[in-house]
Amino acid sequence: MAGPSTHGLFARLKAAAADDWRAYVEHDFVRALADGTLAEASFRHYLEQDYLFLIQFARAYSLAAYKADDLAGMRAATAIADGLLNVEMRLHVDYCAGWGVSAAALEALPEATATIAYTRYVLDRGQSGDLLDLMAALAPCVVGYGEIGARLAADPATKRDGNPYLPWIEMYSGADYGPVAEAAVAELNRLGEQRATGPRMPALVRTFRTATRLEAGFWQMGLDRAM
Amino acid sequence: MAGPSTHGLFARLKAAAADDWRAYVEHDFVRALADGTLAEASFRHYLEQDYLFLIQFARAYSLAAYKADDLAGMRAATAIADGLLNVEMRLHVDYCAGWGVSAAALEALPEATATIAYTRYVLDRGQSGDLLDLMAALAPCVVGYGEIGARLAADPATKRDGNPYLPWIEMYSGADYGPVAEAAVAELNRLGEQRATGPRMPALVRTFRTATRLEAGFWQMGLDRAM
Amino acid sequence: MAGPSTHGLFARLKAAAADDWRAYVEHDFVRALADGTLAEASFRHYLEQDYLFLIQFARAYSLAAYKADDLAGMRAATAIADGLLNVEMRLHVDYCAGWGVSAAALEALPEATATIAYTRYVLDRGQSGDLLDLMAALAPCVVGYGEIGARLAADPATKRDGNPYLPWIEMYSGADYGPVAEAAVAELNRLGEQRATGPRMPALVRTFRTATRLEAGFWQMGLDRAM
Amino acid sequence: MAGPSTHGLFARLKAAAADDWRAYVEHDFVRALADGTLAEASFRHYLEQDYLFLIQFARAYSLAAYKADDLAGMRAATAIADGLLNVEMRLHVDYCAGWGVSAAALEALPEATATIAYTRYVLDRGQSGDLLDLMAALAPCVVGYGEIGARLAADPATKRDGNPYLPWIEMYSGADYGPVAEAAVAELNRLGEQRATGPRMPALVRTFRTATRLEAGFWQMGLDRAM
């Protein structure tokens, strides 16, 4: 995605929020995933909250389908909501089962403040703004996970043998996830061409930066649990 | 659906709006479909507007997925939105092609006032109220079409030979549509048990009655075109 | 408002929807107000529905306050909602009393399809789009009434002696209403500078044009009542 | 407010969330306000974030005006939004000026995670549910502050001489604030009679409890700053 990703709206937002982006994708939680030193309690807490997070993200994509102003946009957002609800969440349940966390336990968990803050911020940007405001708030998650997965998979320093978090790295660097992240960049760039304009950039940067900070806060929530 | 349909919320709403319900399901447009005397211009105008209507109904079910407060509700609403966008609308395009109306022509049509009034009323009830308010506004369409289809199919007076509208009657009395209407009644009744209460009934009846009146107005829009 | 109104977003939208704009501001209903020939039944029906319309417009400005992204915008929208609820609607009640329509009667009226179509279209554009989409949908009403009032007041052909609709003309050409319409143009132009961009124009024009058509439909609803 | 407050919806919600309520109204931050030992850095951070919080609460009441289904409800919510924007926020600016924090500095502050979590949770409950869901999420703030103010003012152990936080206690125990909290209880109870029903209680309790937890988190955010 060389062309669009270096000139499009996503690249401009990422450049404008460079420090926050780095603090997110290079967070200590990510380093500890890569070298396998992450405390199991941290990962489990992250994983549980990520399940609750996905429920809210499915709501966000349903909202995107409601807000899209053509059939192509409605179909794309509905397909993502459907994928989250019927594929990703079931994978998550399977994955959590491997960590001894049952589906019933997942459903009964209270949301952590970091989870509420991030997800409800995204939903409120979506309701109060237009589809572009919503997509700018969703992008750090969808695209950032792809970037993290690809970097860790390509880095020879990433521990492979005996790293219990290797399946997580493989999931987000794998052939299934790459196109999801690329499609999110392409959609954001397309909306940027249709709806972004110079004077709108400060507000879009603020949204993107806040969402990126809240992503970093989500990692931190995981680390804090281990203490 | 004997039990639920006679005691549940849908049956109570229908009973409370009995005159409007009859004016809708026994509208002259429906009679003219049954005896094959409906002017082709009326049917075509109805069919074209119904396509634009389905786009807004897919938006309404996406909104329902956003508003549902459990995974089962989110999955059910997303499945309906997906079915509308990827099955019903394509069937509609095929059906319209048989009447000489292309997909491109459908997309380019302006919405009639009757279409705007009904669909945006439903969406606004959905945004301003809760999931039950939204479902009460959606019910007259989904359930009414099934009732009309079943009655016309069962009525020996319905013209079959040479009735150009027989495929329409067969669609809404068929094995595919019946469960859709039954599921809508069941979901409304379930929400009614969870969220309806005596003092809420007048507002729910007002919503249901208004939506029913707007359905009748949609038929009338078709008839008016022939004149 | 020479400068902004000829170069800003409002002027561009009005130019792009010129035919629909003319059909609205020069509607037969307006001509009949000017020459005093409008049937009383038409005016009364219009007036009653306009009251229900104002309720929905107050909701639209409350939504604008929710969607504004700075305190100035929130305060401006809240002031308009407050003015509609506590000044305009009470004036309306007084005015209707003069036509023999009580406040209680106003509250109990069902909304006409033309009223539902216009108001819920505006609210849905507001919820699904951003503040600019909402304001583009609100503009034809607020600004058009000022334009109609000013034109009729300046036109020597407007009947004055014995015209029962002179108070209506005086209200919308008066010193109180002018600044309201000018403020709406200025706000739309300001949002246009912040949030509109070339590729967004077709969608904004579609919104503005649809709202203008629905305004004309509102006049027509009044005329139809007399028949 | 003896009658309504012991039997109405508010009293039932508070009883169902008793532990969380106590953790909120008896939080260490509150104790430290009462005995004057709260670190100035904690209070200032709280005060700054509370300003950003009020902006979002004004948005929530604008949303309530949009969602209200009668004129009385619309007027009540609009009056609260107006009061927040034009009275409370200006008082806040004056109050902060006394702590050396300028209005310009307030506007430029980033929101803390605790602020985002609470406010956006309330707004999302409001958009996804009905007016009652929104009011259940707003109640812990409005009513809790009144309860805290009254208790501290009545408690002989509260330090008065030389307590820099006495103006805060006086504000929330004063003649102006009491009726605000009582009106919020009355409105919640009224909506409870109209829209609550047995099966809805678990979801309402969950909303109320989550909002109460997030209020406690807001105090904790203040305390954490001092460290």
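Per-chain numbering from 1; labels A, B, C and D assigned in written order.
We take it that a residue touches a chain if its C-beta (ideal position, glycine included) is under 8 Å from a C-beta of that chain, and two chains touch if they have at least 3 such contacts.
By chain, with names taken from UniProt: A, B, C, D = Aminopyrimidine aminohydrolase.
This is a predicted model, so every value here is computed, not measured.
Novice: How many hops, at fewest, get you from chain B to chain D via touching chains?
Specialist: 1
Novice: Could you check if the interface between copies chain A and chain B is built from the same residues on both sides, meaning over half shared, or from different ones?
Specialist: Mostly same residues: over half of the interface numbers shared.
Novice: Which chain pair shares more contacting C-beta pairs: A-C, or C-D?
Specialist: Between the chain pairs A-C and C-D, C-D carries more contacts.
Novice: What whole-number Å value describes the gap between the mean CA coordinates of chain A and chain D?
Specialist: Chain centres of chain A and chain D, defined by C-alpha means, are spaced 31 Å apart.
Novice: Hey, how far is the Cα centre of chain C from the one of chain D, in Å?
Specialist: The computed centroid separation for chain C versus chain D comes out at 37 Å.
Novice: List the centre-to-centre spacing of chain A and chain C in whole Å, with centres computed as mean CA coordinates.
Specialist: So the centroids are 43 Å from each other.
Novice: Return the residues of chain D touching two or more other chains; collapse runs of consecutive numbers into ranges.
Specialist: 59, 66, 127-128
Novice: Inside the complex, what are the residues of chain B that reach chain C?
Specialist: Those residues of chain B that touch chain C are 59, 110-111, 113-114, 116-117, 120-121, 123-124, 127-128, 210, 214, 217.
Novice: Where on chain A is chain C touching in the complex?
Specialist: Those residues of chain A that touch chain C are 66-67, 69, 127-130, 133, 193-197, 199-200, 203.
Novice: Tell me, which parts of chain A touch chain B in their complex?
Specialist: Interface residues on chain A, with respect to chain B: 55, 58-59, 62-63, 65-66, 71, 74-75, 77-79, 81-82, 85-86, 89, 107.
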